[in-house]
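Consider the two complexes below, in which chain A is the common component and chain B and chain C are the respective partners.
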Partner chain A sequence: MTKPALKGTDKIKGLVCRECGKEYPAVSLHVCDMCFGPLEVQYNYKTIKPRLTRKAIEAGPKSLWRYVDLLPIAGDPTVGLAAGFTPLVRAKNLGDELGLDKLYIKNDTVNHPTLSFKDRVVSVALTRARELGYDTVACASTGNLANSVAAHAAAAKMQCYVFIPHDLEASKVLGNLVYRPNVVEVEGNYDDVNRLCSEIAGEHKWAFVNVNIRPYYAEGSKTLAYEVVEQLGWDAPDHIVVPMASGSLLTKIWKGLNEFSKLGLIDRMATKVDGAQAEGCSPIAAAYKLGRDFFKPVKPATIAKSLAIGNPADGYYALKATAESGGAMDTVTDEEIIEGMTLLAQTEGIFAETAGGVTIGVLKKLVKQGLIKRTETTVALITGNGLKTQEAVMNAVGRPTRISPSLVDFQKTFGLGIHER
Partner chain B sequence: MVKVRIPTPLRTLTGGKSEVEAPASDIQALIESLNGQFPGLKDRVCDDKGEIRRFVNIYLNEEDIRFLKGKHTPVKDGDEVSIVPAIAGGCEQGA
Partner chain C sequence: MAHLRFHLRFPEDKIKQPVLCQINRTFPKVDTNIRRADVREKTGWMDVEFSGDPAEIERAIEGIRQKGVIVDPIELNVVE
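Moving on, here comes the complex of A and B:
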């Protein structure tokens, strides 16, 4: 960085209730004690603005920490120094297939170190947890978050508990165990795990990244929006298609774009933020379709387990962000999820997890419905890696062709005559 | 009388009681009646326009009143009402 980092209150003013506006100091709190609304980090944009230029950002590290001035830590980052700044891939083949001239894939399947966008939020959450004096971190997770918390805790030498539903994909379970955290498999779905974690967070002085550290943790998601804009040459796209579980990612993408606009880093901001859910767990998209600003919690039944949150904490704000931006929401079936995964793999060579199949499937629908137009610059957020959800596509990708170690057998099997040479 | 379950954060207002009773014809009247017994309760459950706060869920016999008639949902003797804060990031739900 060219200038020393902003410290403490020069950057973070405190926390504020999103509902009633009550203010709090920047400690480990996540719910307003007056009205039960969620708390959000408040920045001192006046001190941030003069130093935050395109040039200053471009001179920063090749990680999400190039945007440290807009992240809620008081000092220098200490955890997850290599997370973020993943490729934005021009997806010409997939664009041709879907009827889009300018389609991009934001490829967080290769985030560092655990291959999902959760490496962003965890880097921020653990850095902040350390600043607040915690030595034990924990989370409620559908898999990717647990993997990232476990990996970062190992590297940061912090004690770690991760709580997951009992029916996760094998790779996501293994991807916790290898780091030796306490892996707690709860007999129930994510919403049960989450409720249990709220209770545990009240009893033990641990940093639950998505409970009592949530206001800081969630801010890490903004870096996906920042990177997309910077990688498009400091331009905001016309559409961003975002997978939704709790709805937090979509909310923060919208916030990140608006911050860049307010800080004068982009000249135009007309981005529509579109939400994607699996039909088997679509409380937010269902509310959108009914024109409601509240949702009915559901019992999830989908192969997109990383999105299987039946009672989405930020559902209301996601609905609001999509409405404000003029975007849309839609859902896809399990079959369409698998189609989306294989389509992305076979056109762009990117193997996304089930959530990526949801994003691509919904993108396809929105184009078909004319809600995304051919000439519009469109970005699909691909947030997790397909090697972690192999079960989903195992029966949809065929088998290897087995032969004996013989040239004749090979050529016969593939119908290649010897005289073809 | 309607039975009302009180969540932990509001029990400072009810003298520690987790279950109370109040007479009422609908949810709005129930909140007024509770506020008469336990002053300050309404401010926690409703905003300054009298609307039920977004992150407070009220269930009538296990059904979220947003899917009934909101604060105008009728209640009768023997009904059970739960007040449950939806804690962002950790959702304590009655349903």
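Moving on, here comes the complex of A and C:
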């Protein structure tokens, strides 16, 4: 028998400003009233520590909710019960190709239900939103986040609004419409959508997952770090290579690892957290290369649309986390992204979206530069499924071989001899 | 009276210009309250609260934009 999950304030201390340290109750608030800094969830680690053992976690559900004691919900989970606990694949073939003896792929291309890591953050956000009394959820997104919010809202019978730019590709719009949310196409450019959504979030009593619910939403990303550690036999890897958009995922991976260390769930913690961006949208990696602790926002121009955030909210914190961990950052071109996608598919049988190509491309560079060594245990985070960005590789994967319906033609075309039975 | 929060980003060539001061003179009915800022040789940003009539705030923000300063919501990117 496992102990009942910790409830409410037993584990959640409240929200705290990442800049000035001012504390707030755990309500739907995301910006500090005092200094306008971002807020994040604070936990009562003293009450969590005695009950959170490896054994207790292992006895939990095969989903991200096995780590419920370190997630910002007050009661039991109610949304996204099957999200998380995706495979950690030992990538021998890709490791041989890149020169790594112990390479693993954390495969969130098969996350439930919408095939990206966003199912983690959205499960946590919507569970918390319900606890806070919301019946309407919303998000501004051009892809994976919208899919996940719409799908989870449908299953949870919540009202849903998804805001997208009016010129988004038809396939992406369809991926949202199928769940029947209110899909709102905003006439205007990206900045107009951004500003409008921020204003709407301030006006309506909705749970805007990546605005007023953001402190809770972002915590869901920690589960990727927890799972990696548990799946490595309760060992923290030497490197985790993380794709960066807003920078939030990287900072939460770092937070998750540090929590496990603080709670005594891992014996050693020397993980370097490495950041990967596409060259066409690399404000964080560019700042890293220049040795700056601030970034210059950019206009995104890359095929890695799920990472195309030019003014990343957590850019500063991602730079700080990478520096603290002793990790590195690098970028890849669009061509290198496609190479990364096809290399992963052809060596490990995993079809990742463009963000996966960014991770693999940067991993390759970091190994080449000697920043990741052959014997180091390395994990690459693959955060979304390639079926979502098929157009990116359409011209790089060749065409089928056409033959007539004849055995002779088939064997001739493929240079196969006739075998006797 | 509305209270709206924005992140103002000053390109390198605008850092030395008294943009906010000029806006205060042009839009005296809008109060500006700087809550956090980082101004250096190569970068400058401010988190500012604007209080006043919403339409007047909108005009003040447009005025700031016209002076070459980039204005974003306090949350920065909310489209993911």
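Just so we're on the same page, the second predicted complex is superposed on the first by the 398 of 421 C-alpha atoms of A that agree within 3 Å, B and C clash if a C-alpha of one lies under 4 Å from a C-alpha of the other, contacts with A are read in each partner's own complex, and residues count from 1 in each chain.
In this section, contacts are C-beta pairs under 8 Å (C-beta built on N, C-alpha and C of every residue); 3 or more make two chains touch, one makes a residue touch a chain.
Remember, predicted model here, so these are calculated numbers, not experimental data.
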First, second, both or neither for A:Phe36, with chain B first and chain C second | both
Does chain B (first) or chain C (second) touch A:Ala313, or do both, or does neither?
-> both
Regarding the shared-chain residue A:Tyr190, is it in contact with chain B (first), chain C (second), both, or neither?
-> second
Identify the partner contact of A:Ala245: answer first if only chain B is touched, second if only chain C is, both if each is, neither if none is.
-> second
Thinking of the overlay built on chain A, is A:Val122 touched by chain B (first), by chain C (second), by both, or by neither?
-> neither
Where does A:Val367 make contact in the superposed view: on chain B (first), on chain C (second), on both, or on neither?
-> neither
Regarding the shared-chain residue A:Ala225, is it in contact with chain B (first), chain C (second), both, or neither?
-> neither
So, A:Ser198: does it touch chain B (first), chain C (second), both, or neither?
-> both
Between chain B (first) and chain C (second), which, if any, makes contact with A:Leu145: first, second, both or neither?
-> second
Comparing the two partners chain B and chain C, which touches a greater set of residues in chain A = C
Contacts on chain A seen with chain B and repeated with chain C across the two complexes | 19, 30-31, 34-37, 140, 191, 194-195, 197-198, 201, 210-211, 214, 246, 294, 296-297, 311, 313
Contacting residues of chain C [partner chain A, same complex] = 4-5, 9, 35-36, 38, 40, 43, 47, 49, 70, 72-80
List of chain A residues in touch with chain B within their complex | 19-20, 30-38, 140, 191, 194-195, 197-198, 201, 210-211, 214, 246, 294, 296-297, 311, 313-314, 316
So, in the complex, the side of chain B touching chain A is made of residues 9, 44, 47, 53-56, 64, 66-67, 85-93, 95
Residue set of chain A touching chain C in the complex reads 19, 30-31, 34-37, 139-142, 144-145, 163, 165, 190-191, 193-195, 197-199, 201-202, 208, 210-211, 214, 245-246, 294, 296-297, 309-313
